[in-house]
Structures are given as C-alpha cells and as structure tokens.
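Heads up, the thing below is written out as structure tokens.
We just call them A, B, C, D and E in the order they show up, numbering each chain from 1.
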Amino acid sequence: QNEQFIPALVYRTGPYAPNGIPFANGVADYWTLLNERDGGINGVKIVFEECETGYATDKGVECYERLKGKGPTGAAYFSPLSTGITFALTDKVPGDKIPLLTMGYGRSESRNGAVFPWNFIAVGSYWTAADVAIQHIAKELGGFDKLKGKKISLVYHDSPYGKEPIAALEARAKLNGFDFKAIPVTHPGVEQKSQWLAIRQDRPDYVLLWGWGVMNSTSIKEAAAVGFPREKVIGVWWSGAEPDVTPAGEQSAGYKALMLQHGPGKFAVHADLEKNVVSKGKAAAKEDFAQVLYNRGLINSMIGTEAIRTAMKKYGNKPMTGEQVRWGFENLNLTAARIKELGFEGMLQPLRFSCEDHQGADVARMQQWDGKAWKTISDYYKADDSILAPLVKENAAKYATEKKITARDCSKES
Amino acid sequence: MIAFGQFLEVLVSGLLAGVLYSLVALGFVLIFKASGVFNFAQGAMVLLAGLALVRSLDFMVAKGLPFWAAIVIALLFAAVVMAITAWMVERFVLGPLINQDGLTLFMSTIGVTFMIEGGAQMLFGSDVYPLRLFPSDAWFLFEGSFPGGILVSKIDVWGGLIAAVLVVGLALFFQKTKTGRALRAVADDHAAAQSVGISLNWIWFIVWLVAGLVALVAATVWGTKLGVQFSITFLALKALPVLIIGGFTSVPGAIVGGLIVGAGEKLAEAYLGPFIGGGIEYWFAYVLALVVLMARPQGLFGERIIERI
Amino acid sequence: MSSAAAPLASGISEKAVPEKSLLSVNNIEVIYNSVILVLKGVSLDVPAGGIVALLGANGAGKSTTLKAISNLLRAERGDVTKGKILFESNEVQNLSPNELVRRGCIQVMEGRHCFGHLTIEENLMTGAFTRTDGKAAVMRDLDLVYGYFPKLKQRRNSQAGYTSGGEQQMCAVGRALMSRPKMILLDEPSMGLAPQIVEEIFEIVKHLNEKEQVSFLLAEQNTNMALRYARYGYILENGRVVMDGDAKSLSENEDVKEFYLGISDGRRKSFREGKHYRRRKRWLA
Amino acid sequence: MFYRETGQFKTSYAADMQIFPIRQDRIALWVLLAVAFIGIPLLNAFHIWPFGNEYMLRAILIPFLILSLAAIGLNILTGYCGQLSLGSGAFMAIGAYSAYKFGTGVHIPFGLFDLSIPPLPMLPSILLGALMSAVVGILFGIPSLRIKGLYLAVATLAAQFFFDWVFIRVKWFTNYNSSGSVSAPDLNFFGFVVNAPIERYLLCLIFVAIFALLAKNLVRGNIGRQWMATRDMDIAAELMGIRPLYAKLSAFAISSFIMGVAGALWAFVYLGAWEPLAFSIDRSFQILFMVIIGGLGSILGSFLGAAFILVLPILLDQVPHALGVPISVETVSLLVFIVTGALICWLLIVEPRGFARLWSTGKEKLRLWPYPY
Amino acid sequence: MRAPDGPPVTAGDVLLSIDNVSLSFGGVKAVSGVSFDIRKGEIRAIIGPNGAGKTSMLNIINGFYHPQEGVITFKGEARARMRPHDAADGGIARTFQNVALFRGMTALDNIMAGRTLKMRRNMFWQMLRIGPALAEEVEHRHRVEEIIDFLKIQEIRRTPVSRLPYGLQKRVELGRALAMEPELLLLDEPMAGMNIEEKEDMSRFILDVNDHYGTTIALIEHDMGVVMDLSDRVVVLDHGIKIADGTPNEVKSNQAVIDAYLGVAH
C-alpha cells in the first residue's frame, strides 16, 4: 500500500473543545489539500485518523497506543496539542521510534535534540514566548532599562503548561530588574475574581496571560471588570485566538497576544484550500476557516508533511516509518523560498532543525484585538539565547540524568 | 484605609460570587429535597439550558427578530427543552428506579449527565457561544472614602437579586403547599409515599422541571459571565461546598452557604494565598465545608439526620 | 361504579361467597427478582363493607399479597406474573399505586414507614394528598384522627422519626384514614402496640366499617383479635391459601386453635409449656 | 445441569469457608488465572489476535488491571464499609508521588539534622508510597466518625482538591522540575528492569492478584464483617461492640493503601510521566463509577465495573471506524457519551446492585436450570 | 409512686441497678426518675403503653442514650456515661424493636459479626488467613453453628437477611445477640409481628437461653400472655414514670397498670 498514515490526536468535545476544534480542522484540511491537489506526498497518499482525547492524558495515551501501529509503516508522527499528553508520550516515543511534533508547546528543554531525539518543539517554546513578551514590553516602555522596577504579573493555568514560562520569566526578571509575580488560576479557570482583584490592588504594569480554553476569555472579562487596561494584558499564543476574545465582546478590544509567527487571515495556501478542499465540500472547517488556530493547524500539518518529504529524499518515495520521519524532521530546512512555494509566505519565517536544535526558529510577533479582528502590531522579535540556552541546557541535563539518557554527540552526526 | 477598602472589596465580591454559586446549588437542593436524589446532572443541565437558550437566540437574531422578542422566544424554547428533559429523565431513568437507595439513584444521574452532555453538544454544538443578557461592567462605590472605590460587578448583583427571588419563592413552595409537603415525603420514603397515593412520576417530573428552570436561570447569568460552553458544567463542583455548608435539604441554606463559601474562599485567596502559594480557592471552599460539617454533620440548615434504634 | 359484572362464582361452593365483592384476587402468582417465587396462586375476595382477615405464619406471603393488590410490589422488584386483581370489578393490576389510592384503596404498610423528617401532623396531611374535597373537610378528618389517637395530637409537632414505635404505627394508620378510602389494606396494624391501643385500633376498624362503610383486608398475626373482628378469613401457608371460611368456623377449627390461637385441649397454654421445637404439622397444600 | 453444588459435601468449616465453595467456580478461577498468567503471555509471544500488537496490553489490559485494583481499594471503603468517598484520585496521587520520591531519594532538611533517604528500589518505593497514602487516608478518615453519607462524600473532595493543589504547588514533590510534571524512574525489580509491555502487564497482574486475594481475605474475615456491619447499620454495630473508630479508620487505611499502590502503578507503569491532572477529580469519579456499576461490596464486581467503565467507551469509540461508517470523531465521542450514559442507566434499571449481583442472580438461575424458579 | 419491691423471686445478686434515672429530649421527657434493678439470672419484663420510655430505658442501659440524671450500676460498678461498645464489652447484648440486622450480610455473617469482640487476630493475620487466623475463624464458626442449630435456622444460613421474613429476621437477631455470650440480654419486643406458634418458639428460645446459659434477660413485650408466663418480675412504665414493679400477678392486678396499659384485666 502506498499510504502514509498520520494520526491526529484531537479534542473536539469537552472543556477545551472551542480551541481544539479549529486546530484539528486546520490539521485535517491541510492533509486533505495535499491528497486532493497533489495526490499526497510525492505520490504517497496521506491517510489520517482522528482520535478524541478530550485533553485528558490517559485518553491521549490510549489513542497513542491505538494509532501508533496503524498503516503500512505505522504512525509517521504524533501531535497531541496538550502539554500533559506530551509529557506522557515523551517517555514512550523513543521505545516506539515515533517522533513527536509539539509546535509551540510541550517541554521547552526538548529543544535540545541531543537529549530529546524524538521531540520536535517546532517554531517556538514557552520560553521563547516569555522572552519575546518581555522584549515587547520593553519596547513599549522604551527600552530594557525602563523595565527596572516595573511590575509584571503572570496569570497562568495551574498546570505544567501554565508553569513552563515561569523559569524563563524569573531569569528575565533577575536580568532586567522587574518585579515578577506568578498568579495561578485553577483548572479550568471559570472563576478568577480574587486573582483579578489582587491585580487591581497590586496595579502591575503588565499582565501576562498563560491560559487555555475558557480561562482566557474569563481573564479578559475580569480584567475589564476590574478596569485593568486590556492594552497591558499580553497573552501567549495559546491565548490569542478568536474563541478567547469573542465571548468577552467589546471588552476584549485592545487585548494583545503573541503570534506563533502567524496570525489569522487568508494566504496563498487558503486559495488552494478553497479551490481544492472547501469547494469540493471536503473541508472540516466551517466558520473557523483562516482563524488563528485553524492556521496553526495548517502549519502544524505542513511542517509534519515537509519532514516526511525530506525523509523521502533520503529513503525514497514510499511510506516512511517513524524513524525515517524523525530523520526527516532533523534535516528539515524550510527556507523562505520553500515556504512561499507552499503558500505559507507571511505565516512563517524560515525554519531549520538540526541535531542540537529541535526548535528550528525562535522568533515571534505581537498582535492586538481591535474588537473585530486581530491586527499584527509588531515586527519579529528574536528570543534572547543568552538567557534561554543555559536554561535549556540545564533542564535537559537534569532530564538526562533522571532518565539515565546519554546525550547524543551531535558533532558526530551527519 | 486602603487595606480596609481592599478587604471590603474582596468581601463584597466574594459574597456576590458565592450567591452565583448558590444559583447552581439551588438546583441540587431542589431535587435532593424532593426526591432524596443527589442530582449529579445539575451542571450538565445548566449547560443544556444555556446552549438551548443561546443557540435559539442567535438563530432568531440572525432571522432578523428584534432582540427582546428573540429573547422571549429563546427563553420559552429553552424552557420547553428543559421540560422535555425532565419528562425523559422521569420516564426512562428514575421511574423504573423507584425505591432504590440513594447511591443507585445518584449513579443513575451520572448516566443522565453523560447523556445530557453528549446530547446537548450534539444538538447545539461544542463551541463557545457568547451570551449577553446582563451588563458585565462594574460599579465603583464609595470612591470618596476609598481610593479607587469598592468594585462591584453589575452582573453579580443581578445574579444575587435573581437568586434571592428564587429562594424566597422556593422556600414558600416547600413549606406551605401540599405539593411541597408531598415532595418532602417522597424524599423520606418512596414506598410509603406511593402507598399514600403520591404519584412519584408526576412529582419527579415537576421537580426536575423546576430544577431545569433553575438551571436555565443560572445559565443566563453564568452564560453571560463565561460564554456558554462545556466548562459551565464545572460549576457543579463549585456549588458542592455551598450545598454542604447550607445543608442538602435547605433552600435558604443554599444562599447562606453561597455567601460563606464565596466570602471565605475569596478572602483566603487574597490574604492566605500569597503566603502558601495561591490557587487555594478550590480546596479552601471544601475544607471550609469540612469544618462546618464537623460542627454540624447535616450542614448549617440541613434537616437533622435521624439516628434512632 | 359498575356493579354489572357480578361474580359468577355464585353457588360453586357452600361457603358464603359474597354476592358483591369490592376486591377480588384471582389466582395470582408473584415472583421477586425474577427468581424467587413467593405466591403460588392466591385467590381471595373482599365483599363491599366487609372485614377480611389474612392469616398465616411469617413469610407465608401476606405482605406480598397486600403489596400485589396495592401495586407497591414493582418498587421492590417483585412482579405479578399470573392472575388478575379486580377492584370494583375493574382490573387494577396495571394501575399505578396512586391511581389506586385515588379510586379508594389504600395500604398501611408493615413496619410503619412514616416520613421521618416530617412532623406527625405533616405525615397525616400527606394522607390527604389525593383528596379534592377541600381544606375544610380535610381538617375535619384531621380532628377525627386526633380523636382516635390522642397521643398523636400530643406529639403533632414532633418529627415522626423521633417518636416511639407505637406512635409511628398510629401515625401510619391515621395517615391512611386521612385519604377517606373505601378500602384499607392493613398490614399488621397491631404490631408493637400496647394491648389497649390494639383494642382501640380494632374498635376503630369496626367503627369505620360500620359507620363509614370502609372495607378492610387485614394481614394480622394477632389471630385472636383478627378473628374477633373479621367476618371472613383466609389462611396462607407458603404462598398458598390453605384454608378459608367465616371467622367463626375458623376460630373453632382445631388446627387453627392449636397453631394460631395457642389453645389446645380447650385452654390457653402457657408459653412456658411450649414443647421443644415441635415439628409443625401443616395443612396439606 | 452441570452447575450444581449437590453432591459436594463439606467435611470441615475451613472447606466451607473457601472463597468459592462450589467446585465449578474454583475450576473456573484456576482457568482464568492460567489464561492471565500463561495464556496471554503465550498469545502475545506469538502475536496471535488480539495481541498482534501492543495495543491490547498497553492500552486495555494494563490500565484495566490497575484501575481494577483502585476499584478494589475504593470498594473496601465504599462497598464494604459504606463510607462514600470521592477522593480516590488524591489517594492514588499520594501513592504515585510518594513512590516517586522514595524512588528518587528523599531529602528533607530539618535544620539540625537532615533526613536523607537514598533512592530506594522500586518495590519498597511503591509499598512505602502506598503506606503514605494509608496514613493520609486515616487522617482524612477521621471526619467520617461524625459525618455520614453524601456529606462525607463531598467532604472527601476536600482531600481531592487539597492534594491536587499540593502536588502542583509544592515543588519538593516534583523534585523542582520547572513544569511540575514528573517522569517515573526505571521499573527496577531486584535488578530486573520491567520494560516490555508484557512484563509491565505481568507486573500489574501480580500486584492485582496478590492484593485481590488479600482484600478478599480481609472482607470475609472478622474485620470485613465489622466493615459491613458499620456500613449496614452503624448504630447497631456499635451497640454490638464494634468500634466505629477502628472499623472506619482501618477501612480508610486499607483502602487508601491499595489505591496508593494502584496510583503508583498508574503513574509508573501506565503513564510513565504524569502531572497532577492524571489524578484529578475525574479519576475519582471514574473509580466510583466502576465500583457502583460493578457492585458495591464485591471484589469480583470491581473487576467487572472496571472493565465496563474503562473498556466500553474505548470499544464504542472504535465501532463506527471498524464498521467503516464515516462519522466525525466529534459525533462519535458525543455518541460514546450518550451510549455510555444510557448503558449505565439501563444497567442500573436491570440490576441496581451492579454486575456482581447480576452475576450471582445468573448463577442462581443456572443452579435452578432448567426450571425457571 | 414507688411500688415496694416484692420478695426476692429469683435468688441472685443485683446485676444491674438503675437509680433515679431521667432522660429528656428537648421538651419530651422520655424517662423521669426511674429506679429498678435486675437480678442475676432472672427474666425481667419492662412493659408500658406506647411511648412510655421502654426502648429509651434499654438505650440508656447499653449506653446509646446518656441520661441527664441518675446512676446506673452494672456488676457493682457505677457509671454515668459510657460508650455503647464499652457496654458490649461488659457483656450487654440486645435486639432491637425495628429489626436492626446488617441488611447486606447473610444470616451467618450477621451472627459471626456478633463474635467480633471475642476475636483476637489482627488484621495482618486475617489478611493472610492462614494458621492462627484460620484456626480462630473456624473455632468461632463452630460456636456460631451451635447457635444456628439452637435457633433452628440452618436452612437460611447463606440467605441475605434482607430477604428473610420478619419473624426469621428476629430470630437471626437473637442469634446475633447470643453470639456475644452476654451476661445481660436486652430484648426489645422480640415477638412483635409473630403468630402464636412462633411466639411459642421464641419463648422457648428465651427460656432456654435463660436456663442453659444463665443469661439474665430484660424483656420488653406487649403481649401480656408472654410477659405473664415468662417473666420473674415486671416493671411498668408510663409517660417515663415507673408506675408499678413486682411479680406478674401483682402487676396484673394493679389498678394503675390496668388504667394506663391493659385496658381490661387479663
């Protein structure tokens, strides 16, 4: 069979469904596009199957076990879109030899490909995000020196996901001399009155928001209720999509969020999608077409399929095994030209993985919700590696000792 | 003065937040008091009511109806949906389970929860749907005395008013009417209630209907606060400590419990949280409930647990 | 009310088959949990205005029979698998219990079953749940019940769960009276009551029967009392009716005397004289 | 016809007090154990359906065994001792995190002297972890002396939410990992590292078999009768000399010990890496469902309930796919919700006492067969 | 109002004495200023109209209710307050007016549960159920089987008690109390809801327990026939007050008793 099987862990029901649905749609539609337009990847048809996780780790593991062996060569890669599932699978994928594509989420230290050969935290980690957010604040204030003595609070989802950025922010706080305060919100985040009252009294200069699902819109509403200026609230890229702002209505106007490089809106690839997928009635998307999370789903699929394509260059145009796809990821080089060719120009900067670097890029932009639409308001910031690299190194080393992993020597790999 | 202003602000917002929990807790109380069933499905019913309301409202507005007319029709539609639910629950689940013990009935309401959650999302979608029925900005009171004033959310005040009206109405209903008495009888002993000619089927339909309508009211308030979406079902967990503190069987208890829980958890989060790490609201409410129970095992206003031999 | 379908059994037996039966049970079979067969064909008749006693040892199936009639069986996972039950000549085995109460047939369950959290007075008032004849009439009957059981009046505001066993029993009987029934199924009304009160309860039964034309089917262990007040009796053993007859002939039957009245050789035996675990002689079923 | 106890005479009370007094039952049990311990490894070794891949072991049998164990734990508390608890998740979490700490080395600076325990081997880690769970279980069991029924159930939620919070907030438990998520150390049992799915399966099976037997012994012994007496009528039990303090707290201790073991296995063997959400309130409810659906007060029921609650949704999820019906995952998972809910209700209507009772009624019928009663 | 104690009917010391005991619930005076004693080896009946405080009296004796006033002396030891299981430890067992069996257990387990206090093996041994633990279990099973034989309930050993008819439940309950090998057995209306034949059986059991084991029995019963025939001495309560105390015959002809309780002379 000339079929490449790719599993999709999704959550289209449950508390995080409003955010899970557009992402899953984007993921699926891009694969459909490849099949419809190109007949797959280099003639190998993509077959995919969704499995509902409901954002629950144990369901995610079950889905993983169910799908990992499907298709002629097994699953090409997994993308769980959940930090919890990512953590659980990180331990399993080396045994099953399947790469894990966690674009913009998951373990920040898994950027270190020597210790995490199977994890690809493509495009950006939470530490990237945290660093870029501070850079943007500095720019708004007029320079890094202005950060000194300022107060920045982090309102976060009380889970590994929400806690990831704290390390990077603390490092930044030490460096730039601002007061940093972390304020947890219990899952799922429907009640945040006391947190925002504290903010009202504390009057921080900025609030960073690390929420997911209902927590985001609730935060924005509470910010509005306590009169905290929305312009001073900066969300991570998982807090910067349409479902996060629409429930709060006009109260969201002014709210800012990071972009995982891309925003909403139609680009070249969307024209292809409309022509080959939407018009044929094969689209999963409905009104979420070209929304933020939908576009992110597209990019997620694109990076995955490009990795497969890269692998095929080495192993031939046939279905790839997980191990081969891993090689493909590690040697993936998405140049600006290639990105343009794929129709993603404007959504993504060049991206290049290597043995040491499983993140491939560390730039991000800022967008702002004007009450009706997201508007890009900044140019690309590059995360400061002098701060993040030691963090990655330290944490990866810790993981390696804990798990008794001997790190690969990347200098020896071709 | 600032400190006192802050304290007052946290207290007031806590009290009001608590009353909003009470709105959900009331639904539990109703069904427990009237049938001895701990209705796990109350959170799901709020979701269902909210979805039915917001989806039909959106539909009607899209059709070009004036907003007020759309609201009236949508409320009616949601009420009908709740009535149908009540009827089905009675007919297919509780009816056949007459005379079973509390745990079995509790478990069956969990089955009902699954069905409602699945059905509601299948019929009305699992996205987030904004609802705007109440103003969601705030008043700032006593700005003269406290810098920045005391913040009071308007929607919380609305919620509080509605809850108060509901409580008075329901309390009168239970204590003063023949049906109210019958409901309490059913809660004590199904078989005996049947033997004196109380129709359990009818009673259960009525009480689930009323609980459904209370859920609809809760959905209007909470839907405005959160947007109508699956997470609304988690309110049930916030309502539980309210329920225990007030006592499962007391309608006014639901309000008092709400006030205590709301004020307690917000004050704890504000004044204790910073020292031990924050995010303590959830368990604090439950620990508060535990402490109250140690003093009064049936909650503050619950009926005495009869221990005789 | 249709009196058209008169029982056709007239003349089949010498026993005084009442010409107008209010309740008739025809050969019913009851199974619990779909495995335990308890009633194996029980038939009985209660004439309008009659008092009929249902006697039998523990576990013979008296309560089961009553519950089958009042349709409370289903709630205990029991089922009437065969036979018919007619009340006022209408089949009732598929009615809901409350419909039956509405039609005038109410059961006083064995083991009290008061509503523990309701006060005595509220308990009594629930008995009037199905009535539609106005508050005044209900209040009159409440006074009547208090008249029968002054002890209840004393305790009217106590929660029933905290009253003594006997008080609860009175409450249960009083509650049934509140529905103004045509027929009462009384399950062990005398259990746990002081002799004086037992006497009173049976007097009340008699009074209601004579003055208000209420019919009774009593399941009773106190055979002595039951046969004194009933006109007709059935004896149930092991889920079957083994003997029936009018009260007088039953109480003169030697076996009944021995086993149910504790009289042998013409005198009451002392309980001290009980032989060691007599093997019971049983009627052939 | 063939299921009869007639002709099987017991000559001693010891024989009469076996777990399965009827010979046919005993044979069935041995067959089952043989299948579990020998048959499945064999099938797996030769990749015979349904063990063609690891899915059956990893995604179904292992979680099934572990959750059955947890259900046994809760069944002791709720089914046998009548103390309704919604805190199972917390006790599993305590087992998991304590075992993790013991497995990776405990270090508590006490000022004057430091308490330092070097990393312990797996077995003692798990057992000590479970012991911690038992201790906390006793602590949170104390309110049960005063609080009853549903009130107690909701009070146990205090434990649930408190420990959810503790394991998120207290970094010590997660060895100061920045994200607060931890991953299990090697499953090293006396030098043998358990790794392959079949080894993991056997490990769980051994734990489950042993604890199920111990639990069964307890519940049919004196302490078990004390628990049941307390459950059925606590006042009368006390009047007969059963100390509620001892009966209830021992139930809490044993139950949380077993749940602690289950928690450690869940974390170490099934998940590998976990965060507190793995032991959230949802887990508590899941286990409670298992116990109620399986049958309160029945060890066998714990297994049946676990199978139903865990496996049914997984199977339902795959039905449309297997049949080739094109339905979106969203619809499927909502349908799974609805069908699971409906089946729960249906089952309760058929038999409110759960599978265990259904099972024994079935046996009763079999004994009477071919007569209906 | 205190009736003079009759001449000693049964030889024996005072096992239990109640001295001026009062108990009230809120406004309800369940027992007020009652004194009487129970002698070793006798059958002592407590009678009185409904709500007179008989059950409350038993509840006081075995520590379930704590009287506001008065002293209870059991086996020479005065005590004001004790926990129910201490009473059980001391050798007081009872049956209940509304059958209080452990409904989810079989008859056998119910009676075995009565042996709890006599069983010594700790949880660890029970868990393993080998050696001494098994031996203990078997030994107690023997004792319980004796009781089962004695009460003639062999057939229902393995039946869950909730399925038993009322009369048999009462018998199992008696068995459970007997399993405790009590010195003082409190029976609260053991024959309510039984027919004559069953009452005769039950009477036989009570007498046998009294004869064979020398167990002292306090008996509440509304059937005057039973009371008259079985008991050695009778105490009569009304409205929480003792109105008579004496031999059955004395009590039977006491006018106060007739007025308050019997209605007609028996």
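Convention: a contact is a pair of C-beta atoms (placed from the backbone, for glycine too) under 8 Å apart; a residue touches a chain by one contact, two chains touch by 3 or more.
Computed from a prediction, not measured in an experiment: that's the story for all the values here.
Common partners of subunit A and subunit C, by the touch rule above, are B, D. Set against the C-alpha centre of subunit E, every other chain centre is closer than that of A.
The chain with its CA mean position farthest from that of subunit D is C.
Inter-chain spacing, taken between the CA centroids of subunit B and subunit C, is 44 Å.
Subunit B and subunit E have Cα centroids lying 48 Å from one another. Separating the centre of subunit C from that of subunit E, both taken as means of CA atoms, is a distance of 30 Å.
Residue positions of subunit E touching 2 or more other chains, listed in rising order: 55, 64, 96-98, 100. For subunit D, residues that reach two or more other chains under the stated contact definition are 165, 168-169, 235-236, 239, 330, 334, 337. Residues of subunit B in contact with at least two other chains: 121, 126, 277-279, 282, 309. The complete set of chain-chain contacts reads A-B, A-D, B-C, B-D, B-E, C-D, C-E, D-E. Contact residues of subunit E toward subunit B in the complex are 55, 59, 64, 96-98, 100. Across the interface of their complex, subunit C is touched by residues 361, 364-365, 368, 372-373 of subunit D. Taken together, the subunit B residues at the contact with subunit A in this complex read 6, 9-10, 13-14, 17, 121, 126-130, 132, 136-138, 140, 148, 151, 153, 225-227, 229-232, 234-235, 238, 265-266, 269-270, 273, 277-279, 281-282. Of all residues in subunit C, only 70, 72, 74-76, 96-102, 106-109, 113-118, 122-123, 125-127, 129-130, 159, 161-162, 175-176, 179 touch subunit B in the complex they form. Partner subunit C is touched in their complex by these residues of subunit B: 98-99, 178, 181-182, 184-185, 187-202, 249, 303-304, 306, 308.
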